[in-house]
Amino acid sequence: MSGANTFGRLFCVTTFGESHGPAIGCVIDGCPPGIAIAPEDFRADLDRRATGRSRFTSQRKEADEVEILSGVYQGLTTGTPIGLLIRNTDARSKDYADIAQSFRPGHADYTYLAKYGIRDPRGGGRSSARETTMRVAAAVIAKRWLAERCGIRVQGWLSALGPYTPTRFDLSAVEHNPFFWPDPTQLPELERFMDGLRKSGDSVGARLSALAEGVPPGLGEPIYGKLDADLAQALMGINAVKAVEIGDGVAVAAQRGSEHRDEIGPAGFVSNHAGGILGGISSGQNVLVHATIKPTSSILLPGASVDSSGNAVEVVTRGRHDPCVGMRAVPIVEAMLALVLVDHVLRHRAQCGDVPPQPRVAAGSGPFVFPEGI
Amino acid sequence: MSGANTFGRLFCVTTFGESHGPAIGCVIDGCPPGIAIAPEDFRADLDRRATGRSRFTSQRKEADEVEILSGVYQGLTTGTPIGLLIRNTDARSKDYADIAQSFRPGHADYTYLAKYGIRDPRGGGRSSARETTMRVAAAVIAKRWLAERCGIRVQGWLSALGPYTPTRFDLSAVEHNPFFWPDPTQLPELERFMDGLRKSGDSVGARLSALAEGVPPGLGEPIYGKLDADLAQALMGINAVKAVEIGDGVAVAAQRGSEHRDEIGPAGFVSNHAGGILGGISSGQNVLVHATIKPTSSILLPGASVDSSGNAVEVVTRGRHDPCVGMRAVPIVEAMLALVLVDHVLRHRAQCGDVPPQPRVAAGSGPFVFPEGI
Amino acid sequence: MSGANTFGRLFCVTTFGESHGPAIGCVIDGCPPGIAIAPEDFRADLDRRATGRSRFTSQRKEADEVEILSGVYQGLTTGTPIGLLIRNTDARSKDYADIAQSFRPGHADYTYLAKYGIRDPRGGGRSSARETTMRVAAAVIAKRWLAERCGIRVQGWLSALGPYTPTRFDLSAVEHNPFFWPDPTQLPELERFMDGLRKSGDSVGARLSALAEGVPPGLGEPIYGKLDADLAQALMGINAVKAVEIGDGVAVAAQRGSEHRDEIGPAGFVSNHAGGILGGISSGQNVLVHATIKPTSSILLPGASVDSSGNAVEVVTRGRHDPCVGMRAVPIVEAMLALVLVDHVLRHRAQCGDVPPQPRVAAGSGPFVFPEGI
Amino acid sequence: MSGANTFGRLFCVTTFGESHGPAIGCVIDGCPPGIAIAPEDFRADLDRRATGRSRFTSQRKEADEVEILSGVYQGLTTGTPIGLLIRNTDARSKDYADIAQSFRPGHADYTYLAKYGIRDPRGGGRSSARETTMRVAAAVIAKRWLAERCGIRVQGWLSALGPYTPTRFDLSAVEHNPFFWPDPTQLPELERFMDGLRKSGDSVGARLSALAEGVPPGLGEPIYGKLDADLAQALMGINAVKAVEIGDGVAVAAQRGSEHRDEIGPAGFVSNHAGGILGGISSGQNVLVHATIKPTSSILLPGASVDSSGNAVEVVTRGRHDPCVGMRAVPIVEAMLALVLVDHVLRHRAQCGDVPPQPRVAAGSGPFVFPEGI
C-alpha cells in the first residue's frame, strides 16, 4: 500500500508539508529516466496557479522557488526518486491564531481534530490548498514526458463561474485572461461580477474542465483501475471539489441511448459524448473531464460555529483568501489529469507492452462542438 | 500494488469472471474475523440487483447461488481470505456471435481489443455488469460488519430516471417499488414512461443516490486517500457511470460560500451541503453520494459502427438488456459505498487506534431537507 | 495495498483456501494477454510438488484437477483476471479432531488463534502447505511467459538434505530422482537415511536452491523493491523456510572483498559470487537463490504443549506428513522465483520501456563451479 | 502500489537522495499522531551508524543535521506526512571522477546503467549506503512509538566479523565497543585483525543480529505478508546483505524435528529455535533475525573490469571506505526491524482490532542460550 499522501501506482508522487510550516515538498518515484528537467521549468505552471495573479485571487505572495534535491543528474532524470522542495516564505501564522480553538464552518478544522486528536491550525495546516503546489510541480515532469514521448497534451479552462457559463468556446483564449475563460466576450461581465462578489465578502463556486489530446486507445485497467475511476479519484481529491464528470457527465441522466452512444464511421468516431473513455479504457478520442468546486468557506461574512469546548462562537476569516478558488484550480486539474495519464501509460505498457499493434479507429470529430458537446 | 481487479486497501475484494464464462467469483482479503456469514445471507441483495425482477429489466435469469469456498469456519469468518463463487447458468453466448467481429457503439468492444489485442465477445466478457454481482456479494459481509460493529447503515435510491426527479422524498418507499423510487405518487407515471421506452427500443439514463448513516467522524485519509476521493473512484468505476457527486454536487458551482458552508450550533451541524465530508474526512454527519449513469447502448435501434477491418456495419443489440440499467444499480452503489467505508474504518483504526477520544460535534440536522438538501 | 494474500505488484496472484475446506484457488491479475494456456498445462508442476510421489513423502492423494474459471478465451489469456480452482477431494478432517483444542509445537496453531481469535484446525487450515499448490499453478503461466517472451528458464534442486550436501553437481540429474538431488552417486545413501528417518518418526531439514538462466540485466527496483529483497520476501514466505541466501549467501561473512567481488573481463563476468544481482538489480548473470527449510514439526514423536486452557498436554501427529518437507518444495521455490521475475520484468518495462539499448556486459562464466561457487 | 522507494504498507517511509547530491531526505506517512519528536532525537542513532566513529570505519564526516519539514506541530506528530531533510556537506565528488566511465567490480555501477541508461557516478549515487541514514532516522520515530505504546524494544549486535564469532554473549557490552560486539574478551583480537585488514587494503564480511523484545503474539499477515517474509525483504534490501535468517536460520537444515520444534509448557515456550515467529505470525517470544553482509568491494586492491565501451580497465577505489561495512550496519538492521514491526502493529490492529483477548502462552525462556540458541 502506498501511504495516503502518495498519488499514483507506478508514477508515484508523495507530497508533504503544511501551509505555514518550514516547507512543502514532494518525492516523485518511478519516473522514467532521461527526461530533461531544470528548476526554471516549474515556473510557468506554478505561476499559473499562484496566488496574487490578479485582484481576484488571494494576495499571498510566495516565491515558490523549486529546489531539485535528487533524481536529476546533469539535467536529466535518472530513474531514482526526484525530491522537490519549496520553502514557505510568506506564512503569516498570526492571522490564524484566533481560530486555533474554534472550527471554521465548511473547513477541515473539526474533522482533522476528530481524526488525529491534534491539528496544525496555521493556515489550515495540511488541508490548505498550498499542498497542490507540489501536484502542479510534479505534473510539470509528467506533462513533459507525455508530450515528448507520447504526444499527449493537456489543457484546462473554467467552464462555469458561479451562475455564468461560456456562451462560445475558444480554447486559444483561455491562457489570455485571469479567469481561464474560453469566451472573451464575457470577460467584462465576469470582472464586474467578481468585483461585486469581492466587495460583498462572499465567494462563489465554479466548474473546471480539462482536455487531453493525443491519448492513445488502451489506457485504463478494468475493473477497479478504470481510467475514468482513477480520474474521478484524482479530481475529487482536489480541495473543495464536490463533483466529477466524464464527457457529458450529469447530463447523461436525461439522454437516450440512441443519442448518447458514439457511433463509429469509417472516418472514426462521429461524436464524443463518452469523453474518450469506454468501459474504463481510453478510446483514442480526446479525454474530457470536469470538476465542480464549492465556494470557499473562507469569507469575510461571520458564520456560526462552536469552539473545541462546544460553546457557540462566531467565526470570521481574516486571512487572505479567494472569492473564487476555482480560478486558480485550472493548473491543478490539468496536473491531476496528467498524473493519471502518465501512470496509466506506464501501467499499460507493463501489462501489454508485447501486444501486437491492433486495428485503430480514428479519433474522429472531437468534443469541441460547443456548447452541446461539452 | 494491488492488481487492477482488486478493490480496497485493507478490506480487499478481488473479483474475476466473464459474463458468459464458467463462473464469476471473488476473494475477500483482510476481512475482520468473527463475522457470522452463511450462503443464504447473500440472497437478499443479489435479488435486489438481479435481472428479471420486473418487466423493466433484462430477462436474463441467473440462480446466483453463492458458494463459500474458504475463510469461514463453523459459520464465522476466520480472517483468512474468503472465496465466493457463482456459476453462470444462463449464458446464451449465441446471442452475441454476430457482434464478435464488430464494435458496438458505446460499448467496450473496441477499447478492450485496442488494449489487450484479444477480447471475449460473449456478453461483453469482463466488461459486462455481471461482474458487479460479486461486488454486491462482497458488500454483504461489509454491510454486516459495519452495522454490527460500527452502527453504520447504507441505503440507496433512484434520484433521477431520465427526465424525472422525485417530487417528494420518502426513504421508506424505496424498497417497495421496482424503481427504488422515493416518491410513490410518481410510480404510475414512471411505469408509463418505461413502457413507452421499452417499446421504442431505446434506453434512458438515471441518477442514483445513497446515504450512509451512523458514520463516525474521522474516516478518510488526506491528501490522496480522502474519503470523497475514494468514493468517487468507487462509484465512477461502476459500469456506465459518468458523474459522481458528493453532497450538493454540481449545484455548488452556483452557490455562495455563505450559503454552502454548513454552520455549526451547540446542537450540531445546522445543514449538510457537504455530504458529510470536510477536507476528505467524515464529519459525523450522514455521508451522501450520487452517481449518474448513462443510457445503456444495448438498444434495439440500429447504430452505425465498423468491423475489425474498418468496414462500415450496422449494429443491433439482440441480447437481453435493460431500458434503464440505473434501476438495477442501486445495490451496486450501496455496495461500493459500504466497501469504501469498511476499508476506511480499518485504515483509520490502523493509524489512529490509540488517539484519545475527542470532543464531538453532533451530526445535527441531516440531509433530508428534500429537495433542496439532496 | 494489496491484501496479505496477494503476491506481486503487477503480476498479482491472490490465493485462497484451507487445507480441508471445499477448495483452494487463485486469481492471477495483470497477466499479459495472448499466452496459450490449458488445464492440462498445470499437470507437470503440480505432480512435481504432489504428495504421494514416493515413499518419502506424505501419502495424501489429491487429484489436483485445475479448472480455469476466467481470463482465458479460445485458449489464450485475455488480460483479464484468471481464476483457477482445485477442489479438495481427500481431506480427512477427523485426523485432526484431537488437536483442535491444543497447540502443536512448531506449528501455527497458537499464533493463528492469538491473531484472529478463531482458527480452522482441520489440517492446519490456511497455514497448511496445501496453499502452495496455487503458487505452483500460477507460476506455470509465469514460467511460460518468461520462457517464450524473455528466454528466462528456472530450475531448482535440493542442495542439502539433513547432514548431506551434494559431492558433485549434475543439474541434468535433478529431475530423475525423487530427491531433486544433483549428485546421483549419493542416492542410495540418501534413501537409507530417509528410510531410517521415517522409521524413527522424526524429520529433518533441507536446503533448496534455484537458478534462473537468461535473466536480462536491469531487473529490480532499488531501494525498497530490489530484486534480491523481493526474492527474499518470496522465499521466506514459503512454509517452514528459516533462511534465504543470494549467491554465496552466509559464506560471504568470512570472505574477503578481493575474493568476493566478481571481476569483469572483456568476455564478461569472471565469477558469480553475487548470484546475479548487484545493488538490487540483475546483472545479466544467472540468478541464484537458496532457501533453508526447517524439519517439519509434524512428527510421530510426542511433544509437550498446552491446550487452549493452558493445561499441559502431549501432542502426537497422526495425520499424514513428510519426514522432509524440503523435497516437495523444489517446485515451490521455482514458482516463487518465477513469480518475482515476471513481476520485475513488467515493472522494469513500465518505468524503463523507452530507455535506449545500453552496452551489455556478457554473463560470462556462470555459477556452476561446484561446490565453491554454489 | 507504493513506489520502489517507499518502505512499509501503513507506516510508509519514502526516501530520496544521492550520496553526493544536495541532500537526502524522507517522508514518513501514516505515522500515528501524538508522538513527541524533536530534531535532537535523531542524533544518537545517526551517530551510531555514522562514518568516522573509529579508525575502522570510513573517514567521511557528515554533520547529519536533521531538519523536520512537516508533520510535527508543537513537538508532536500530527498524523500528516513527516518530511525529514539532511543536507550533504562533505561530498568530495572528485574522488569518483575517474570511475565515471568504468564499472567497479562488485558495485551497482553497471546494473544501474543497464537499467536506467544513465547513472549518477558520484559516490555511487543512489546505490550508496548513505541512503540508509534516512532509514535510521525514520526508525527513530518508529522505535519510540513501539517502546512507548507497545513496550517493544529492539537491539542489534555483530554476530560474526570475518572469521570471528563471539565466544560468549553479553548484550550489555554491545554498545560499549565500536564493533557492537557481545564478547568484550575478544576486542583486542578483533582490533588487531581489523588493523591488519585495513593495512592490507582488503575488506571482510560480517553477520549482524537483532532482537525485538516485548513483541506481542499475533503480528504478521499470512500468506504473503508473513512477519518473517517482510523481515527478509527488509533486511535483504540493506546494502550488501546476501543472506537473511530467522531464529536458527541456516542451521535448521541439519536439525531434527524433535530438536527444532519449540515445545510449550505451562510456564510458556521452552525454547526459541523459531526466532519468535510461527506460520508467519509472532508467537510472543523474542523475534530474532540475522543478516549476513558481504565484504565491501570498495577496496584499495586493484580489480579487473571494463569501461562503458567494453575495454579492459583496472579499478582502484580511492574514495573513503570501510574495511568492514557490517560494523556500521547494526543501527540499520535495527531500523528495518523496527519499521517492519511498527507496520505490522498497525496492520494487525486494522484487521483484528476488535478481536476479543485470547489465552496467551508465556514467552518463556528467551533465545539467549548462547551460542547454540543464536
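The letters A, B, C and D name the chains in turn, as written, and every chain counts its residues from 1.
In this section, a residue touches a chain if its C-beta (ideal position, glycine included) is under 8 Å from a C-beta of that chain, and two chains touch if they have at least 3 such contacts.
Predicted model only: the values in this text are computed from it and were never measured.
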Comparison of A-B and B-D by number of C-beta pairs in contact, larger one: A-B
Most remote chain, CA-based centroid, reference being chain A: C
Distance from the mean Cα position of chain D to that of chain A, given in whole angstrom: 39
Between chain B and chain D, centroid-to-centroid distance (C-alpha), Å: 45
Whole-Å separation of chain centres (CA-atom averages), chain A against chain B: 25
Two or more partner chains touched - positions in chain A: 1-2, 4-6, 9-10, 15, 30, 33-34, 79-80, 115-117, 126, 222, 347, 352, 355
Partner chain B, residues of chain D touching it in the complex: 1-2, 10, 30-34, 79-80, 149, 222, 346-347, 349-355
Of chain A, residues touching chain D in the complex: 1-6, 8-10, 12, 14-18, 21-25, 27, 29-30, 33-34, 67-71, 73, 76, 78-83, 85, 115-120, 125-126
Chain D contact footprint on chain C (complex, rising order): 1-2, 4-7, 9-10, 15, 103, 105-108, 110-117, 126-127, 131, 160, 162-163, 202-207, 217-226, 228-237, 239, 241-250, 252-266, 270, 273-275, 277-284, 292-299, 301, 303-306, 308-312, 347-348, 352, 355-356, 358-361
